[in-house]
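These notes open a run of structures that come right after.
Look at the two complexes coming up: chain A is in both, with chain B in one and chain C in the other.
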Partner chain A sequence: MRTSADCVIIGGGVVGTAIAYYLAKRGMTDCVIVEADYLSSGATGRCGGGIRQQWSTEANTRLAIESVRLFAGLEDELDADIEFLQGGYLVLAYTEEDEEQFKKNVELQRGLGLDVQILSPADINEKVVPELNVEGVRMATYCAQDASANPFLTTQAYADAARRLGVSIELFTPVTKILTERGRVAGVETARGTIRAPLVVNAAGSHSVPIAATAGIDLPITPYRREILVTEPLERFFHPMIISFSFGIYFRQVKHGAVIGGYGDPAEPPGFNETSSLKFLRTMSWKLSHLMPRLNNVKVVRQWAGLYDMTPDAQPILGELDELPGFFQANGFSGHGFMICPKVAVLLAQAITGEEPDLDIERLSARRFTDGRITQDRSVV
Partner chain B sequence: MKEDVVICRCEDITYGEIVDAVRGGLTTTEEIKRILRCGMGPCQGRTCSRLIVRIISQETGVPVAEVRFPVVRPPSRPVEIGVMAAGGPPDGNPSGGEYDAD
Partner chain C sequence: MRIREHPILEFERGREVEFDFDGRRLCGHEGETIAAALHASGVRVLRKSIRHGRPRGFFCAIGRCSSCLMTVDGVPNVMTCVTPLRRGMKVETQTGKGTLAAEAKGAGSIAGDGSGSDLGTVPLAIVGAGPAGLSAAVYAGRLGVESVVVDENEVPGGQLIKQTHMFFGSLEHYARVRGVDIGTQLCRELEKCPSKLLTGTTVLGLYTDDPPWKTLSLMKNGVRGELRARTVVLATGASENMLAFENCDLPGVYGAGAVQTLMNVYGVAPGERVLMVGAGNIGLIVGYQLLQAAVDVAAVIDAMDEIGGYHVHAAKIRRMGVPILTSHTILSAGGTDRVERATISRVDSDWQPVEGTERTIDVDTICLAVGLTPNCELASMAGCDDEYVPELGGLVSAHDADLETSVPGVFIAGDASGIEEASTAMLEGRLAGLAAVERLEVEVDREKLLAMKEEAASGLSELRAGPFGDRPRLGKERMLALAASRGGDR
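Moving on to the complex of A and B:
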């Protein structure tokens, strides 16, 4: 293992590997990724793989549009199959509040160039998903360019491309301490030795909190379990990711044919719990059976859980910390890290190498929690 | 010849593909599962896991006893959605609430 580097990235999820790749692409090839377990063993590898551009604030919509643009070119750029599919996102409204908010969202999204349609329940069945039970659905928004990809393959592709450019990846290497010297970050101490570096990126999801705490830094991130399941494979019968904030569900059919999906239980207590529950299996089965009756005869083969690293405004913490120069954060993605990862990673690589980021990430710096500039996005799920 | 022997019958993954993965740096059953899908099919690794552990051991020199098995996840056997859905949602409330994921 190297004992020094220009930059150490903590976390071998999609965010850490992507940052390493974009840093190396900019010429900063002397980087080391340190991962406590294996690649995409944390939140990345447990997520549903959706890539949505339909947000309710301009800043988040722009970030998502740019990420889809990067995702669309990623298989060529990284020379790997990541199962990228622009199958669209169908967002179902069940309440009046949903409906009012969605109309505002669509106006904003169209203003930014996104092709979003408003569909009546009949339109949903005629144009997008014939077999969806639209009982109780008031309307839906649909963006055919929204997408999905395989989180494992995406992370592996970024990691392999980063390695080809000279980046080292140390798996099974938990970080035990952030090193500081004269008020700056100085590297990391790991279970396998010390790596000195003037730049350290904390991209460890919920585990970013205990890691930052070793330098006396308190990140406003709370872990929450989120559960998910997958069925046996079926011949493709629908294309979009189908989600609803008010009904509480997201599900899609992956390339391999399986249906994968979950929902968040608002009663879930905070904590590092990654076990599976019978309550989830029963509730999720009921939701799928209600929305897609043909799934009644389809078998669930596996369920699992992962952690959302929730911040107070459900938006990530990005950029250098004022209290510890050289220590960058890329965490607190609050359940939507995979979908915005490519652009976020580019912006961080720009910030780390001293370039001017080409989209505003200052609004997502940790500073917002102390100077009260928090803006809520109503499409955070 | 040996390269073409199917190790994971659910996902049609051969001995050769697994050896290539291990030589390419995927040295645990969890990593091989995530990239090649062995253990993600209906049998959930009950057939192939032990074989994969042996291949990893053979290729890396790590004793079989020290090669980690993949985490076993519920349900213990595939179960129909209609069976689990019968009786409605357990808490009587189909809505998961406001911050439901994707």
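Moving on to the complex of A and C:
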């Protein structure tokens, strides 16, 4: 293992590997990714792979639109299959509040150039998913350009491309301490030795908190278990990711044919628990078979859990910390880090290499929690 | 391809029934598996692989590997190697991923949570009715402790139900008894115990998020149930290893256990001429059983430079004219939609094929007896730590001398805790069952309990002191050291 680098990136999830790639692409090739386990072993390898542009704030919608643009070119750029598919997102409204919020969202989204449709329950069956049970559904919004991709393949593709440009990747190497010197970051201590570096990126998901704590920094991130399951593979019978914030569900059919999906239990206590529960399996099967009667007798082949790294406003923490120059954060993705990863990683690479970021990321710096500039997005599952 | 005459076995076949296979009328016997009935009618290709459309037959025949998935009565992805045949079934070769029938109404609703039927609570639940699981129930039962034993097969006994050979003198009272009969004896003892046996029931999941209860999610005939237990013994056995070589997925490449199942349980010959890969005990024994069923064995090959199994077994098949080729490996299988030939070659001391020594032999079946891997999925789902111990077969749940895993009250025994043999599986099951009773803190004769545990533990040391016990003994020692080094985190 090397003992020094221009930049150390902690975490081999989609965010860490993407940042490494965009840094190397900008010429900063002397980077090391340090991963405690294996690539995609964290939230990335456990996620649903959904890529949605329908958000309720302008900033998030822009970030998502730009990310989809990058995703769409990624297979060519990285020379790898990532199973990118623009199957759309169908967002179901069950309550009056949903309905009101969605109408506002659509106005905002259309203003940013997104092609979003408002569908009646009959439209849903006629135009998008004939078999969906629309009982209780008041309306839905649908954006055909929303997408999905395979998180394992995406992470591997970023990692391989980064490696080709000279980045090294150290697996099974947990970072144990952030090193500081004269008020600046100076590198990391790992279970396999020390790497000195003037720049360190903390992209360790929920584990970013204990890592930052070794430098006396308190990140406002709370881990929550989120469960998910996957069924036997079936011939394709629907295209979009189907989600509802009020009914509490998201599911899609992946390229291989399996249906993958989950929901967030509002009663889930915070913590690093990643075990599976029977309650989830029962409730999720119930919800799935309600919405898609064809799935009444589907075989579930696996269930698992991962962590959402929640911040108070469900927005990521991005950029350099005032209290420790050279120490960058890319964490707190609050359950939607995969979909915005490409653009976020570009913006961070720009910030790290001293370029002017081409979208505002200052609003997502840790500073917002101290100076009270928090805006809540209402479109979080 | 049905075996009509057999020197030791009499096949009790169910009544003859007709079924439909891709529009053809075929006959089979009720109770045998769909895959066995098809094989008896000469059908080897059960599906086409999803990605490349390659023909696939079964491999494991115990519901583990998913190579045998077919569409049955309109339901896709049915494991035909474990699904019993019924009159009038409509069986189709599955060419794609499969399609579920559209249904008018969902089983779920906006409210509600899809609970399975409540099967109540029990002090001890045991997964697997092989020699390990049955022994656990019998010994806990002798102390008056109630248990429920769950096994996915209709017939209890685990791997024993296909073992027609006489066991070696490893355990005083079972020496010279055939494996099949040991299973029957254990079941008879179980009948005297306060134990309930649930057959044809699969344990889908094990949840430990409601301590001290462990919840088993069960499925029988498509109906789900939930059983809560204070302690659990996982005696789930092992799965057969695959070997990578060209065309290793051709129908006709079968695991040794699968060949045994087909031949000894259902009385169906796997083929006419077999290449056996692996000269350990399993390869040698199954090779001999093939000869008993009047199937020709072209050769037994092994990459090691010496025979791994007992020499008596080797001598028996050599006497019948079967060559045992050590320092040999298989390079490829040939044939369009089924095995027609195999190419083998010598290997050097680094196990690399020696060029110029290739040889092609005509066989219609390639039987792989190249080791087993413990089934520890349920344990890992329950949150048990695992360790990689090659001597025990790979990743195994970490366990202590009482076979307790890192999750208190969850025990693991038999092949699932490290690949050995039936006699050690029985003793481990016994020990785990007794240790579970100790964990339960119920009122039992403590002195008797400890004496019984001691007896089981010393029985295990004795067996592992034998010439073939080296590997597992080393493995178990390593496991205990590893588990101890994790510290007393219980």
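Everything that follows uses one rule, which is that the second predicted complex is superposed on the first by the 381 of 381 C-alpha atoms of A that agree within 3 Å, B and C clash if a C-alpha of one lies under 4 Å from a C-alpha of the other, contacts with A are read in each partner's own complex, and residues count from 1 in each chain.
Heads up, the rule we're going with is that a residue touches a chain if its C-beta (ideal position, glycine included) is under 8 Å from a C-beta of that chain, and two chains touch if they have at least 3 such contacts.
On a predicted model such as this, the values are computed, not experimentally measured, just so you know.
Colleague: Give one of first, second, both or neither to describe whether A:G13 is in contact with chain B, with chain C, with both, or with none.
Modeller: Neither partner.
Colleague: Thinking of the overlay built on chain A, is A:G264 touched by chain B (first), by chain C (second), by both, or by neither?
Modeller: So A:G264 only meets chain B here.
Colleague: For A:S41, decide between first (touching chain B), second (touching chain C), both and neither.
Modeller: In the superposition, A:S41 touches chain B alone.
Colleague: Regarding the shared-chain residue A:Q156, is it in contact with chain B (first), chain C (second), both, or neither?
Modeller: First partner only.
Colleague: If you stack the two complexes on chain A, which partner ends up touching A:H336: first (chain B), second (chain C), both, or neither?
Modeller: It touches chain B, and chain C stays clear.
Colleague: Look at A:G88 in the shared chain and tell me whether it touches chain B only, chain C only, both, or neither; answer first, second, both or neither.
Modeller: neither
Colleague: Looking at the overlay, what does A:S246 touch: chain B (first), chain C (second), both, or neither?
Modeller: Touch partner of A:S246: chain B, not chain C.
Colleague: Per the overlay, which chain contacts more chain A residues, chain B or chain C?
Modeller: With both complexes superposed on chain A, more residues of chain A are touched by B.
Colleague: So in the superposed three-chain picture, is A:T283 touching just chain B, just chain C, both, or none of them (first/second/both/neither)?
Modeller: A:T283: touches chain B and chain C.
Colleague: I'd like to know which partner A:G50 touches here: chain B for first, chain C for second, both or neither.
Modeller: first
Colleague: Once the two structures are superposed, pull the chain A residues common to the chain B and chain C interfaces.
Modeller: The answer is residues 232, 247, 256, 276, 278-279, 281-283, 285-290, 295-299, 303 of chain A.
Colleague: Can you tell me which positions in chain A touch chain B when the two form their complex?
Modeller: So the residues of chain A touching chain B come out as 38-41, 45, 48, 50, 52, 89, 152-153, 156, 226, 230-232, 241, 243-250, 256, 262-267, 276, 278-279, 281-283, 285-290, 295-304, 308, 314, 335-336, 380-381.
Colleague: Which part of chain C faces chain A closely enough to touch in the complex?
Modeller: 50, 75-77, 96-110, 112-116, 205, 207-209, 215, 217, 222, 226, 381, 383
Colleague: Going by the contact rule set out above, which residues of chain B touch chain A in the complex?
Modeller: Residues of chain B touching chain A: 28, 30-31, 34-35, 37, 40-42, 44, 73-75, 78-85, 87-91, 94-102.
Colleague: Considering only the defined contacts, which chain A positions touch chain C in the complex?
Modeller: Of all residues in chain A, those touching chain C are 131, 133, 135-136, 232-235, 237, 247, 256-257, 275-279, 281-283, 285-299, 303.
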